[in-house]
Structures are given as C-alpha cells and as structure tokens.
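As structure tokens, here come the structures.
Next come two complexes, and both contain chain A; in the first it sits with chain B, in the second with chain C.
Moving on to the complex of A and B:
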C-alpha cells in the first residue's frame, strides 16, 4: 500500500482568554485534558494530521494565539495566509461570543478571501451539566441559540464541543479539513514540480 | 610547612575565582570572559584540568542552602575521621556523578591533613571559619608540593577541586553575611557578589537590597519595612473595600490567570497562595493603568513570592508549602514585600506591557540582530525555513525565560538580573536569550520549520540545574562584552 497523500494547510485559533483554545488543541492532538493549563503567551504552534480517506491526510499547521486583548496586535502575523480559523468562545459566556464576533469581522477584512471560519463553542460539558441541574428551567441557559443563528447568518461552520470530555472535538477538525481546497493544493504542488522540472533544477528524488 | 602567608595567598585565589575585588585585583569581567570562552564540552569532561575545575567552582554559588553546605562539609569531615573509602551521602553522589571515587581521594588527601582541628559544625559554625579554611588550604599546598615531586593522580586533583569547592561555598556565604550585616550595606559590593549567584538562605534579603526596597542603612530598615507593609495593606483595603468600584475586566483576567500560574508547583494550588497573588496583581495593575495586568506578569511575581516564603520554611519545602501554615503576619509580610519588589522589577520593563508592547518588539529585533553576529548560519537557516523571531522569542521576552526553564533556574537567573539593576537587566536579557538560542544551534540547523518551532517553544530544559543556567549566563556575559558596541550602532 502506498503512503497517503498529504495536503498541508495553515489553521489559526482565535478567541477570548480562557475559553479553552489551548485545551481544545491538547485534546485534539494528544487526547488529554488538563485543568489549569498555563495561559498562552504570544502564540503556540503545533502540527496535527486529520485522515480524511485511507489515502488522504490533511496536515494542519496550527497557531494557537493568546487570548488577552493586549496581544491582539500579534494576531495578524498568525492569521495571515491562514486557510482556516477556529474562532472559539465559551458556551456560557456572552462576552466571549461578542469577542468571537469581533474576530470574525476582523478576519473578513484582513485575512485571505478564501479563509474557512468555524465558530466553535467550547465547555459543552458545563452547559450540559447546567441543563441537567435545572431541567424545568424556562429561562435560557447558555448562548447556543444566539451563537447558532449568528453563525448561520454569517455563513460560518458551527460546532459545540468539550475539550474536557473530548465530545465533538474530532468533528471540528474533520469538518474544517473537509472544507480545505485539497484539489487546488495538489494541483499547485504539481505545477511547482513541473516548473522545477522545466527549469531542470529538480535534483531531489521522486516522492513516489 | 607552608607559611601563614602562603595560606592567605591560597585564599585569595578563591576570591579571584569569584571575580570580586580579590587579592589579585583581577576584575570579574576578565574572569567571566575566560569562563565563557571555554567550550561547554571541555568543562563537562570529567578529566580534571585546572581550568574546568575553576569553572565548576564558579557555578557552585547558589546551588545549596546554608544547611546543605554545612552537611556537605560535615560529610567531608566524616570521611576524614573514619577514612572510609566510600561516598558519604546521596547528595554528594548526585552532585558529582562525573568524578567517581573522589571521596576516596578526599579521604586520602585528608590524611595529609590530620592535624586540622575538629570543629563543631552545628554550633556557631562561622566563628571557626578561619580554622576550616586554613587547614584545607594547607592540604592544598601539600598537594601542590607533591606535584613538584611526582605527577599527581588525576583523582587527587579532583579531590582538591572538591575541597576547594567546599571552601568556596563557605567563603561565599561568609562574604554575603559580612556584606549584609554591615551597618550600611555596600550595594555595589552586593551586586558584584550576587552576579554569580546568591546563597538561598540569604536570597530574600539580598534581593530586597538589590531592588532598593530595603534601605542600605541598618537603622532605617525596620521603620521603612513597617511603613511599606502598612502602605500596602491600606492600599489593598482601599482597592478591595468597595467591590462596585473595582475594575471588573482587569479583575476577571487576573482571576482566570492566577489558578493557571505555575500549575506544576503545588504551592500555587493552595487557596491562600492564590488569594495573595490576586491581591498583589490587582493592586499593581490598578496602580499602573498604562499597562494594567498583562498575562505573564503573573509568572514574574512568583519568584518573589516563593523566595520570600523561604524565610519561614526553608528552600526545599517551599514548593509544597500551604502558606496557611505560616502565621497571618508572616504571610502578610511575604505578600507586601512581593508586591513592592514586583513593582521595582517592572519599573524597568514597563514598555514590555503597555499598548502594543514596544519593549518586547524592540528586544526581539535586538535578539535577531545580535544572532546575525553570533551565528549567521543559523539565521540564514531560519530565513530559508521562514522562521520569524517573533514566533518563538516573544514569550522569552514577555516572561523573562521563566516558561523555558525550571523554577530553580529562573530564580538563579534573577540573582544575576537583579544584580544588574532594574534598568539594565532587560538589556542583558537579550544576550541571555542569544546564549540560550545558541545553546541549541547545532540541533536547530538541521530542523525544518515545524520541528524548529516546536523545539523552540519547549526546549528540553526539564532537567536543567543552576549549573546549566550559569553556563548560559557566562556565555551571555561574553556576548555582551564582545558585541555591546556594535549593537549600539
């Protein structure tokens, strides 16, 4: 069996402080959860694969940015040329949704036109727990409905997940991976290779 | 027999090693440059050449607590008394993995020296300081006279190095004690001493002096401390007294960051620690509205908090301590002192935390410029891999490398930084970052983008000790001496 084809894309995580961006990644990449992880300073990097088909892998180069407002000025460096953005908010925090919306607006203006944006509500476990504790509550619990309708309106992918339990985490990354311009990636790769051959500069071995 | 005069010369050589205003008058700068020039490899080889053994001496300053020094000396004494050919303590084994069997030789050497008076280590140890040093210096002279007759075993030199190291430790502590107990503390002298590490037991007081928090004049100290502590608690009352007037967004950010401060150290998991940190950070933030609280300042507070706690519990226990075990007054003092010292530290680097963080951007640019001089090959490689300095060194600047090295190493770095002074240390920090980066250069030049970034954001320093960080500091000192002028252009 031949090695799978790998298409590589850049993904950035944005969102308010302590909504669980780093925890979401830690769950995705290593399948674990830690209470009280240190805050991210500047940005953190990792690379992680998503297998879409037996012979097709999407490899994400992921930049996990710091959430505090003071670090906002650094963000363009990380969303520049990004193919995808996960804009994360806390399903129990209205402020964090407002912040997410402002990130979406900024991305629409500043980031690449083709960028795929997913709005991701984290801490689903807490939301479910609250719902379970007051089953007859007539009042609104959490901000799911607001977030969902905003996402539909703005044409964003929408997910709810829990970094703590792992619920739905895979679905987020798989969903985004499926939206990646995979064919364009491979055709531009081929073009580059062809170009290299045309120039006679290709001294590296064949990959097949 | 060597004369008394000769003994004194031997003692002076210790001073020389530590680069103070010692008998030979060799400036510290020359010495450190020399140390820095020695490659890391040569100093790690166990083959005991005279120079590497010097380099080991330079690095022993802060490694052990007062009590540990005494127990180490006591061990040596036991070996001498019993003449047993074995290691005397697990600590010793750990500290000198490379020089196996040296205790055996230490015992041999000690036999040359049987006439040395026994002194009681538990009781008023430093009053007998001279008598500890001098007999050992005698042994050293004997060993050098042996050298003249026949070539010494390499292991004898190792034993000599061991003994010199113990002498240096004792000598060093004594120097700090003398400096600190002077009616007016000579801050320049204290700076010189502290650059190469502060003995843990004397660290709280030394840091307070270096930061200018503790007045140098003895008679003013108590009054000033009392005033400052009262001022802190009045301010706390003022800021926390009326919840409605609190800056909620600032408070929110602090409240979510404190529980995730040093999560790997137990001390920071206790509620009383967290309440103290919250109060300190909030007060600092509202009193410095131009920057306010910025993530990472929480990290910078912890060396103070932890170090000042050691006044009451000792260095070893502090990381597992529930501060509630202290009296309320003791904990209050730790909290107030930590606040003021954090303020002093941040005074010199406020630019790092104001809007757009210009201080950090400047430092990152400086680091890049400096690295083109230190290792242009590495810079070329970074360029070809599209690695930007901002991507990995932002945090180095924002948290003063605290996220990159274990806490004991961070604290040791601070000995040097605080001795540089609040206005100057951030300049030196860029050189330290350069030495830190260069430390991994051989690996880095063979890595591609992803591996490079992943490596640089979590370099393998988990097992680092103070000795590792001292090599980085020495290297940084060398870079500073060599590149300082060209960096100004």
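Moving on to the complex of A and C:
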C-alpha cells in the first residue's frame, strides 16, 4: 500500500482558564492525563494526526492558548489563519459557557470566514458522577441542555467529553477533521505543483 | 651577591603589546627592585626571560602572591639583576627595561574598561623617552583570582592601582588637575604650577573661548585643537601613523606650533606626549580588537571578538560558612560592602541553606546595612503586618459572601494554587481528607501549604488593591514560600519581588509591551542579522518571549535553576533588567538555527516554546554576561563616535530604552486604580 495522503490544518483551542484545554489536548496527542498540571502561559504547540481513511490522514497543528482573561489580547495571534477552533467549556460551570459564547462571537468577527468551530463541554466524568449521586433529582444538572441548544442555534459542532477518562476525545478531533476542506487542500497543492511544473517547462524552453 | 637585587614588589600578567596583533603580546612581570646602592628601580621583564632561572621565577611568583606583592623585612627575596640596568635604556630584543625612580617624570593611568580594553600605565622619564605601554591583564593574574575568591576584589580596582599604591611609599605622586589620569612624580615647583594648579573654586571651565583661562589652559586648548585635527586626519588617511608607538608622538611634535611650544616650555612636551599617546593607544585598542565603528557590522565583528578584558566565569555558590563570614559576629552587620556580596551572588548564586537568609536581603525585606537586632525587629513588624492584613479579609464575612469581585478572585486563586508546582514535595497531594469537604482545595486533601499559598495570594489581592491577583503571580510566589517556609516572610518577600514585577501584570499590558519592545531594540542593536531575519518572519513583536518574561523563565528551567537564576537577577548587579539579556542570550545561542531553519512566526514560537527544559543555565548566564559587556562597550563606542563627529546626521542614535538597560534601579511601572466593573486577572 502506498503512503497515505496527508492534509495539514491549523487548529486552535480557546476557552476559560481551567476548563481543561491542555488536559484535553494531552489526552488526544499523548494519551495521558495528569491532575493539576500547570496553567498555560502564552501558548503551547503540538501536532497530531487523525486517520480518516486508510490512505488519508489529517494532520493538525494545534495551538493551546492560555485561558486567562488578562492575556486575551494575545489570542488573535494564535487563531489567525486557523482552519478550526475548539471552544472548550466546563460542563459544570455556567460562567465558562458564557465565556465560550463570547469566544465564538469573537471568532465569527475576527477569524477566517471558513473556520470550523466546535463547542466542547469537558469534565463529562464529573457530570456523570454528579448524576449518579443524585439519580432521582428532577432539577437539571449541569448546563448540557443550554450548551447543546446554543450550539445548534449558532451552527457549531457540539461534543461532550472527558480528558480525565478519555471518553469521546477521539470523536471530537475526528469530527472536526471530517469537516476540514480536504479536497480544496489537495487541489491547491496540485495547483502549486502545476505552477512549479509550468515554470520549469517554460524556463527550459520548448522540447518539441 | 653583587649581581642580585632585592625584589620589593612584583606583579605577574603585565603585558606589552609590541604590535597590533594579540599573538605578539608579551607577558611579563612588573616589579620594584632595590639594588645594593639602594635606589629603587621600576623594571619590567618578560616572563620567558625570568623563567630561565628557576629560582628567580619562584621568587617573582612568591612576591607576586604574597598579599598584594609585599615582602616583609624579615623574608627579603633576591633575584638576578634585571637586564639593561642603564637608566632608561631599552633592551630592544627582549623589550625588558628598568628605570630609576628618580628618572621617572610622570605617568598616566588608563583604567580598564570591562570588555573593552585592559587597564594600562604609561611611564615617562625625564629624558622624555617612551617606554612600552604596560597592560595589566588582570584576568590572568593569580593574585587577582585569589582576591576575587576571598572577596577582597572591589568592583573597579585593577593592577595599576596597586602599583601606584606601592610607588607612593617611595615617591611623591601628584595628580594633574588639568588632565585626569596623569600623575606627576616628585614634581618641581614649576611643574606643579604648570600641571597641577590648585583647582579654582569658580565653576568656570577653561575652554578655548574662555577669557579667564589660565595661560597653560590656553596653550593646552590650542594643542588639543591641533591634535584633534591630526588624529581625525590620520584615522581617515592610513594606519601607518599607529604602527609604532613613538611615531605618532614624533609627528605630533613636528607640528611647528607644538615644536615652538616645546621649546618655550620644555615640560609641555612631556605633557603633550602623555596626552597624545593616550589617544593613539586607545585607537590602537579599537583596531586591535577589530571593531569597526560602523554599527551595522557590529554583529560580525562581535562574533570574532574573543577578548573580553575580564574573563567571564561562573563560580561556586556561596556556602553557609562563607555567608556567615560576611557578617560581624557581634552585631551581625555586614563587614564587606553590599556591592561585594551582590557581585559574589551574581557570579555564583547561593547554596540552598543560604537562601532563606540571603533572599530576605535581596528582596528588600530588610536593608543590607542593618544589625541582627534591627533585622529581628523588622521581621517582627512584617509578621504583625501580614497577620493584620490577613485578618482584615478573613473577618470580613460580608465581603466574602457578597462581593462578586472578591469571590471571583478567590476562585481564580484557588484554581491556580491547585495547579502551581504540585510536583514539589511541599505541595504534594495529601492522603488525609480536607477538614472542609466543600473547599475547592479539598480535592488535594489536607495540605496546609496550599492553604497558606491561597491566603498569601488573597492577602496580596487585598494589599495591592489596584493590581489585585493576576494569573502568573502564583508562579512567582511559590519558590519564595518553598524556600522561606514561613507565610509572613514569604509574603513580605513577595511584596518586594512584586515591586519590580508589577509591570508584567498591568491591565493595559503596557509593562509587557515595553519589555518586549526593548528586547526587540536590543536584538536589533546586538544581533542585527537575526533581527532582520525575524522581521522577515513577521516576528519582531517578540511575542514568543511572553512567557519567559512574564514569569521570569520559571517555565523554561528546572526548579533548582529557577532559584539560582532569580537570585542572580535580584542582585541588579549589572542592570535591573538583566532578564532581557538572559532572553538575548537564549536568542544568541540559537540564532544560527533560527536563521537557517525557521521562516514563520508559528515555527519560531514553537521552537522557542520547546526550548523549555533544554537550556543549560550556566551557559545562558555566561553568554548573557558577555552580551551585557559587549552591549556596554558598544554604547561607549557609540558615545565616543558621536562625540567625534560634529555632524549630527552621521551620529548613531541609541534609543532611551536601551540606555536605561545600564541602570540598576528597578523600573517603576504601576497599575492604575481598578476601574469600576473591571474583572480580575
């Protein structure tokens, strides 16, 4: 079998501090989870592949940003030219969902038009645990419903996952990978190659 | 023993530089010897010559090392008579010379400039002969190394000073009030009047246009003007003038006016010679070190700039024993200067046991010039202060329940404390359950140190109302708490640290922006090739240094190295902003790779991010010190160059932020009052 074709895209992680952006990325890219990892300052970078078909790989270049409010002004540097954004919130924090919504608004205005945005609720394990502890509770637990309906309204991909247990993590990245403009990526690549060939042909003169 | 002389004083690593080429430098011993007839001689003999006699060599070494080269009456040391004892004659082949003290007319002292040139001495005889210039390579001198180790070395002292001190035992040395650095030896009344007139009390400067200028002043200015023309001309025309030391002198003296002047007033000749030689020699030094005055070529020249006048070496950390030896046993006051202690810490850092003591000084919890009793009382005060501040919010139940800003900040602090340095044993997860299961900190079990961290940060949030807590601060506090292991002291130290770090956390980001922009200017100035590469890569905002500067490289080095780096930076030894030279050093160490391989901001950011935990601290510190040294001399050079040319257009501008890097005062940038409704950090 020949080597798979690789399409490369830029993805950025945004969301309030401590919702679990770094944990989520680490789970996805390295398969590990660590309680109480340090907060992110500035931004961190990782690259990770997602195999969509036996001969097709999407390679994500991922920027993990700092959620701290004070350094919000730096974010445009990281989402500039991004093909995808995961806007992460904590399934148990109403506030973090509000922050996520404001990120979505900012991306709509500032980022590339074609950017694919996924709203990702993290810490699903905690939500499940709470639900298990109060099975008969009639009141709603967490903010799943609000988030889901917001995502539908705003036309976002929506996922719930847990970096801690790893539940649903693959699905998030795979779902986003599938939305990537893969065909466009390859055709623009071909164009570039063609351009190079054309140049080569013209410079070497007519071979007839 | 007719052929031997008593060796009174000697000093190794005194060089002559016969040509511009460093390879031709000759190492030797400068010494004072007493022949049997009793009249002291100054002699300089090449080391190679001395080494011909094992016994002589041992004697020279012994005298050099005997506590600043002094020999007591009892253990007199004798050596062979230095060559060419005849007054003032030079043994051409070996360059050795010796002259009688009574033949010494004057001398000129030229202080070393760190990284720029070695300190040197010019000796002038009454016969107006020119002796080789003596260069003190103090970095190679065994005595200097010992003095540095035993903390006797002062910031600016150098070999020439010791020579002069010694000389003062035998002759009357009078500084010229007309020309700094020139000293007359046993001057006659006439000479004194001419060269060392009493300084007048009026502020009037004798200049060419000053009607009140003294006669000699007029003459002097006249000559200076002439000389200025000559040197300017020769700089452009050719190097031939500098080829041999006496040559420029001769050509100077051939100017008719000067010649006339010389005849009119004989001693003027010597004065002029001193002055002129000084200038010429300095220029030779510029050339010797192959530095072009064109700023654009600094980079390439610095690359092969191998001589730094004071060798840069890391030293062992200060031990507890050494630390204690700095203080008086009785009253606990420093017996050395704070400057010396800081120099020591800058170059070596501290052993772990010393840190709890030394950091309180470095972080301004108490001043260096206090007694043990005074320090104890300051500590008691700070302790009261901390508990008072803490009680204030602790007891304010209303605020805790209703103030949304406060609740928000507490939340943020707890989130961060849980994520700060948890791999350090002190902050480890505890198996014992937390007494209050509703506390956010409960997930880490009952670890009192996490509670302390939280309380200190909440207290700081209340104490510095304008700034409040901002993320990143927990990273700055944690090492202080781990080292001091005392909440009140750590809080006091943290407040001291924050004095200079407040600028990093401003809502407007002004302080961070300023530092990144200064780093940009500095890179442009020192590493122009790299800078233009970064410009092409859209990266001259230097954002990839954001994390390093925000928390002072806390995430780039291992824990122990962070402690070392911070104590070095706290000394403000060269600059209160030495951390920017650390950043510059990191760039410099990686510039080849960056220029060759990285062409986009993303790539550069990724690369710099990934340097984390791969950097060797000593290498970075040494490089940073070298870069600072070069920076300082480059500024000197620019100043010098700008002074040379009257044409303001051709002058090089150095931005104020770069000049500020020479300052050792911390940059005081404070947050404004918190606007209503603003959230915390």
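Going forward, the second predicted complex is superposed on the first by the 200 of 208 C-alpha atoms of A that agree within 3 Å, B and C clash if a C-alpha of one lies under 4 Å from a C-alpha of the other, contacts with A are read in each partner's own complex, and residues count from 1 in each chain.
In the analysis below, contacts are C-beta pairs under 8 Å (C-beta built on N, C-alpha and C of every residue); 3 or more make two chains touch, one makes a residue touch a chain.
No experiment lies behind these values; they were computed from the predicted model shown.
Applying the document's definition of touch, where does A:18 land relative to chain B and chain C: first, second, both, or neither?
both
Using the superposition on chain A described above, determine whether A:70 touches chain B (first), chain C (second), both, or neither.
A:70: touches chain B and chain C.
Share the list of chain A residues that count as touching for chain B in one structure and for chain C in the other.
17-18, 35-39, 41-45, 61, 66, 68, 70-71, 73-74, 77
State the interface residues of chain A toward chain B in the complex, per the touch definition above.
It is residues 17-18, 34-39, 41-47, 61, 66, 68, 70-71, 73-74, 77 of chain A that touch chain B.
For the complex, which residues does chain C have touching chain A?
Spelled out, the residues of chain C in touch with chain A are 412, 415-416, 418-422, 429, 444, 470-472, 475, 505, 507, 509, 543-544, 546-547, 550-551, 555, 601-602, 605-606, 609-610, 679-681.
Under the definition above, what is the set of chain A residues touching chain C in their complex?
Touching chain C: residues 10, 17-18, 35-39, 41-45, 61, 66, 68-71, 73-74, 77 of chain A.
Provide the residue numbers of chain B that touch chain A in the complex, in ascending order.
Within the complex, chain B touches chain A at residues 253, 256-257, 259-263, 292, 294-296, 298, 353, 355-357, 388, 390-391, 394-395, 398-399, 403, 450, 453-454, 457.
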